[in-house]
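Here come two complexes built around subunit A, the first alongside subunit B, the second alongside subunit C.
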Partner chain A sequence: MSVTRSGWQIYISSLVGKAGLILLIFMVVASIYVLATYPLDYGIRVWSNPKSWADNPITVPPTWVDFFTGRDLVTHHITITTTSKGTETIAGLKFKVYELDYDLEEDGFPTYLMIKIYNVSMYSERGVYFVINFTRPDGDEIRLITFAEVPPPNSDLPYIAFSKNEKIIFLSKERSVGFSLLTYINSKYNLNYTIDKLNEINYNKVLFGIPTEEGGEVVWKPLKGVYKINVYMLGEDKDNIAMLKAVFGGESYGFLGTDDNGRDLAQGLLFGFPVALAIGFFTSIVTTAIGASLGIISGYKGGRVDEIIQRISDVVYNFPFLPIIILIVFIISRMPGFPRLLAIFGAIVALGWPGLTILIRSMVLSLKQSQFIEAARAIGASDRRIMFKHIFPNLAPFIFAQMIFFTPGAILAEAALSFLGLGDPNIPTWGQIIEESFRAGAALNGWWWWVLPPGLLIMLAAITFVFIALGLEPIVNPKLQER
Partner chain B sequence: MGVPRYLGVKAFNLMLVLLGVLLLTAILFGATGLSDKILRAIISEEVRGYRAQLSQQKGLTPEEINNLVEQYKKNLEIEYGLDKPWYVRLPDMIRRIVILDLGTSKHMTSFTGSNQIRDIILERIPYTVMLMTTAVLIVFAIGLGFGTWLSTKVGSLWDRGLSFFASISYATPTWWLALLLILIFSYYLDVLPYGGLLSPNPPKEFLPRLLDMIYHAILPIMTLVIALSGSAIYIYRSILVSTATEDFVTVARAKGLPENLVLRRYIIRPSLHPILTNLVLGLAGSLTGAILTETVFNWPGMGRLYYEAILNIDEPLILALTYVFTLIYVAARFILEILYIVVDPRVTVE
Partner chain C sequence: MVKNILEVRDLYLYYKTYKGIVQAVDGISFNIPEGQTLGIVGESGCGKSSTANTIIRLLPKNTYKYEGSIKLNGEEITTIPMDEFRRTIRWRKVAMVFQGAMNSLNPVLKVGFQVAEPLIVHLGMDKSEALDRARQVFEKIGLTPAFLDRYPHELSGGMRQRIVIAMAMIMNPQLLILDEPTSALDVSIQAQIMNLLKSLKKEYHLSMIFITHDIALASDISDLLAVMYAGEIVEYGPIEEVLLNPQHPYAQKLIASIPRLREDKEPEFLPGNPPGLINPPKGCRFASRCPYRFEKCSEAPDLVWINGNHYVKCHLYSEGK
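Moving on, here comes the complex of A and B:
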């Protein structure tokens, strides 16, 4: 008595059944996408690795909030160049020039400006000398910063500088940039700014803006247009920069914003799909398998075995769920090297089986009296054969429905345990992401994009299986009552 | 079966649950080597005290002190059974948990400054009970009220809307809902505090202090009420509907009794048994559910304590809290058994 054609028709005719199925298909598709495109060790290699997120703006909302704020937020922008534009001779010295463009289209300031220099090869022990200039849409060129890099004494040439760690210059924070900007604005706009006054307003406003007067006060307004960062390098002809990167910090990022490590939340949340499905799926399968087999054995065998199984399941059934499961996971995860998610899985199974055992046992007790079991016994079928071939198939639809019904509980339990800090920080599950947002005080700071989506996804996963279970109910229950 | 015997059997079963939890924790702690660690911590604490005491006595050379301390430590190890494997110590471990003799917490102190685990926990219980009982009683009132109303409207749009609402509320993690409400009421509307028991500078007089506490309790209670009401209404409605379809209700109506009387005496009265079950189990369950809600709202009850114990990896405290939670849960179940007898005389005749 598997789910027959008519059973399928009953299921698909119900609204919740249909909704559940559609949601499930959506979740499976998302999971397949993740499995196909993400590396398997995504958690450790990408998610918990600060290097993968170093360029990203921190705790910014999704890009689509523009739609509601009424102002286009500045989008995050990265410009990369690997080739030199050419050479330029200044005061008799030949400089290699690298250019990085940026077009400010939105009515706002990029939140920061950062430049990264990778792998500079030097063919002389005199090293190289850098000049970084900044050209604004109004045509002004500001010298932001100059610095030299010399190979360490007695090193082999060509020496590659910034190979292990790239050179990072936070142009919108760097003190010497501040002094350059101060000279520039005071002479151009006749302002009497001191460096302290400049430090009060951020450098990025000065870099990407023009002062206007409003009611006697100076207000910085963003200046739209094309900006250029020119990196001039003085050195040997063969000296070369492998890559240059300019990061223009956005006021928003990606489809779901970023967390306080600059991590792209959309990426992490997407990874949560297969994890949630796997946890829900495996815990419910194993729990149901254990619960159902013990129930069948207990009900069919009777006597001593029944007594023992019933006692144990009754005791475990009455455990206060949350404290005990926390305790189990806590202790197991104190063992070094034990995967946390496996501990959570094991704990949910360990506490989840008795309910089904008690239910199945009572069903087997009444099934045992039916004539076909008696007949099977009369022709000498073994106990095992009767349990597997006769009793189990009769209960299979009910057991299947129970399995589906158990799944949302498992998903919610995993999320709750992760939220309490018992999850694996290296694997971005939805519960884990909310835990991090809670610790960072996301709700108190109004970082809604870090609080709402993961919770909604947990709800989505749970409701998927609740709906499927509700859709299955009319198929499973009447048949059982008929018996 | 007489009442005492009936209660005796129930009490025995519940004692088994308690014993099961204790056995489980003792085995978990023993087999993973955690219990050794805890005992060693207790011993080294006592040894330190002993050394300090010796060093104040005059006329002892450092060697003599060292020898005495070493001897004292050995004695303690034998006394605590550290020389034996953990499964031999099992009964003693269980005894220690039962009387909450778990030594001191590593990181936490009670509000009065004691680091005895017993003091810390006893101090926190009232706050948990206060918060959770209020919430559960409100949920009960809402659930029974709306449940009764809906039980007269089976199949209506309201009724179908409710079952949808109930499944949504089942799928909503309470702790996430808490964060959501903080976002709305503390951040955006800025009308309610986001957590804690009292304001930073709480008033000293009793009444203003109480009001301040209530002000802080609104959001946690609101969270619990929203999270739990959906399924509560659904359950009470189902209970009442199943009674309402009984023949004696039809007969009562046929006799022409006023609908009010039918509802009170013929529907609600016979349904008291499952209603009470729900209420008491809700109370018992809510105490354990407090772990999550109190954590989010930084409410200084047992639940928040549990969270802090996890964060600080404070094994003795976690062990003790698990036991206390189980104890409260089992006690609530036993009260339920007594209530059964009070509301339903048939129970004793079975």
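Moving on, here comes the complex of A and C:
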């Protein structure tokens, strides 16, 4: 049962062992990448914070689905400018001009158009006046919206507007944009639409498309080319916009798409690697440590101690795992401020140890009879010394394999609890993400990119450890060793 | 007059089993003068290992009766509290090579550590210091220090036997008990081990108890011989006395059964089996197999003095024959 160099050779010569090791290395590398690049409080600061995802399209598939759809989906695009293009005098008034470009290359419509204005400094109490114009590839310029912003009375100058919260204008939803578009299509295409009809066909189609006749029906087709958003600002000469941002909503996003909060699933799933490994390793290490120590003590000491440990482990062993663990986590998670992940960890450990205790005890019972243990006792070694220096090394490979065996169980248990809504909403785990997709009806809506990847990752993690355990089996259980 | 290192008087060790009481050691007595070796011979199951275990006080849980007197250097050691016995006697003054120990070393620990461990346990040495000492003992025992880092399965039987002897010798005991130290080895290795033991005996003036079922082997190293039969010592005396002039019928048969080179005589063999140790016969335990059996044999015989240090437990030699 000793792990020697030949043990390693046996392990690495087995196909599953190698596969498991490669998968584990992959998981570890992913985890190290996350730990190096993500903030530690990523869950609270980024994942659960709607602000970090406000620009993103909602429930869109990954970009690479282009390969399968046959049409290039419109990619998500953000244009930012911090400098003015210059000034322009219109009707004797001098406007500062900011320009945001967008090149529509795909055969589709951006899903929305949004503009964000940050930190506008105003040097007069009269404030500023904004005009937002939209220029299309066909040369048409549409005035989308105009509005004024005035410093509150008696404020110090210069006053910075939109500093705490940027000004967000959802151009593809804004009612005044709708009226501008109605005028535009009426004069250009002679189309007499009502505002309701326009709402129905969607502003983006009008903004980024042209109408065509198809069987007596008007069908809007996307218009490729360069679009410009011009923001005109009327105010003092020194008045200034710190930053402008235009968001052209994509039909696809990133490597794994987004959820219904616009969250980048690839990012959240990547964060799941260290969490899964930590849950798996931590719970299995603690569970095996407790299970093995109690098993060794129980088997070696015998008598009352043995009796007590065995009765307790019998009882706990026969608890129905999932119902009890749900109950425990449910109760603990009601305590305010108690980290749920810790509750899950504690519950898995509390219910997980007895199996190993019972196994190890029976192994110790037979080891205890062996002469080298009697000899160790004869030379005067203490019970503690015998248990840890003589018995433990004999069981170490087995205990190690059990630890590996337990790891996928812990990962799956966490996933199951999260799926049942008992997970920690502030920490994106794979189970957590599946649960959210389930709650949002992702499966019914066909949002497969939200359901499948976390499921596959949970499976991958479990398989990794099962492979490693299978690779260890012939070393730990010499009877299986083929020579 | 040589001082006795060990004096054993009326020693009993009974075990309790669900079948009844096993009278494994039933009132034995013997002395070992300092620097001398006592051979204990007898058939399998006659109580040789039990005798050894009683001296080093390794009593199993089912011990039923443990009685008698054992004096080490004149000091009674049966009455010493267990804790003190463990600290001061066992392994420090009396060490033992257990029967079959060479085949049951801890498979996952390096042999160097196993040899050094008594020093760590008894003297509180740190590991490296203890290993240094083990290295010295290795050299004396005929093992290269490189073996310190080996695991038991990497060593041959002879080497492992040396390892167990080193384990017993590491604390420089006054008395070394060897329970069948060579029975699993082939003849040439057996001879090497016997030579090693003889040199230890000479060099350290070591007293030994050498347990075997092989009289020829016992005669090679022993100064005294005790013949055990069914839990009793039936004959005890200087080795030449017992070998050349055996008194007890069992001892006579046993010695006659040694095959001899260049002799026409067929080795004799003893018909029948020794009695069980649960409820053994009231009288002489050998009576059922004894060719000289007579009425008196239904009574238990006493130890009878023959001459010098030679004793026998047989009615043939008692007064009122």
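Note that the second predicted complex is superposed on the first by the 476 of 483 C-alpha atoms of A that agree within 3 Å, B and C clash if a C-alpha of one lies under 4 Å from a C-alpha of the other, contacts with A are read in each partner's own complex, and residues count from 1 in each chain.
In the analysis below, contacts are C-beta pairs under 8 Å (C-beta built on N, C-alpha and C of every residue); 3 or more make two chains touch, one makes a residue touch a chain.
Remember, it's a predicted structure, so these values are computed and weren't measured experimentally.
Look at A:N394: by the touch rule set out above, it reaches subunit C but stays clear of subunit B. Of the two partner chains, subunit B is the only one that A:I328 touches; subunit C does not reach it. By the touch criterion stated above, A:L412 is placed in contact with subunit B alone, subunit C being left untouched. In the superposition on chain A, contact is made by A:E374 with subunit C only, not with subunit B. When the two complexes are overlaid on their common chain A, residue A:R71 makes contact with neither subunit B nor subunit C.
Of the two partners subunit B and subunit C, more subunit A residues are in touch with B.
By the touch criterion stated above, A:V316 is placed in contact with subunit B alone, subunit C being left untouched. Once chain A of one complex is fitted onto chain A of the other, the partner contacts of A:R385 are limited to subunit C, with no touch recorded for subunit B.
In the superposed model, A:K238 lies in contact with neither subunit B nor subunit C.
Common to the subunit B and subunit C contact sets on subunit A is no residue at all. Of all residues in subunit A, those touching subunit B in their complex are 16, 311, 314-316, 318-324, 326-328, 330-332, 334-335, 408, 412, 415-416, 419-422, 434, 437-438, 442-446, 448, 451-452, 454-455, 458-459, 462-463, 466-467, 470. Residue ranges of subunit C in contact with subunit A, taken from their complex: 56, 58, 86-87, 90-91, 96, 98, 100-101, 104-109, 114, 117-118, 121-122, 151, 153, 167. Within the complex, the subunit B residues that touch subunit A are 13-14, 16-17, 20-21, 24-25, 28-29, 32, 34, 167-168, 170-173, 175-177, 179-180, 182-183, 186-188, 194, 284-285, 288-289, 291-292, 295-296, 306-307, 310-311, 313, 315, 318-319, 321-322, 325-326, 329-330, 333.
By the touch rule above, subunit A contacts subunit C in their complex via residues 1-2, 4, 370-372, 374-382, 385, 389-390, 393-394, 396.
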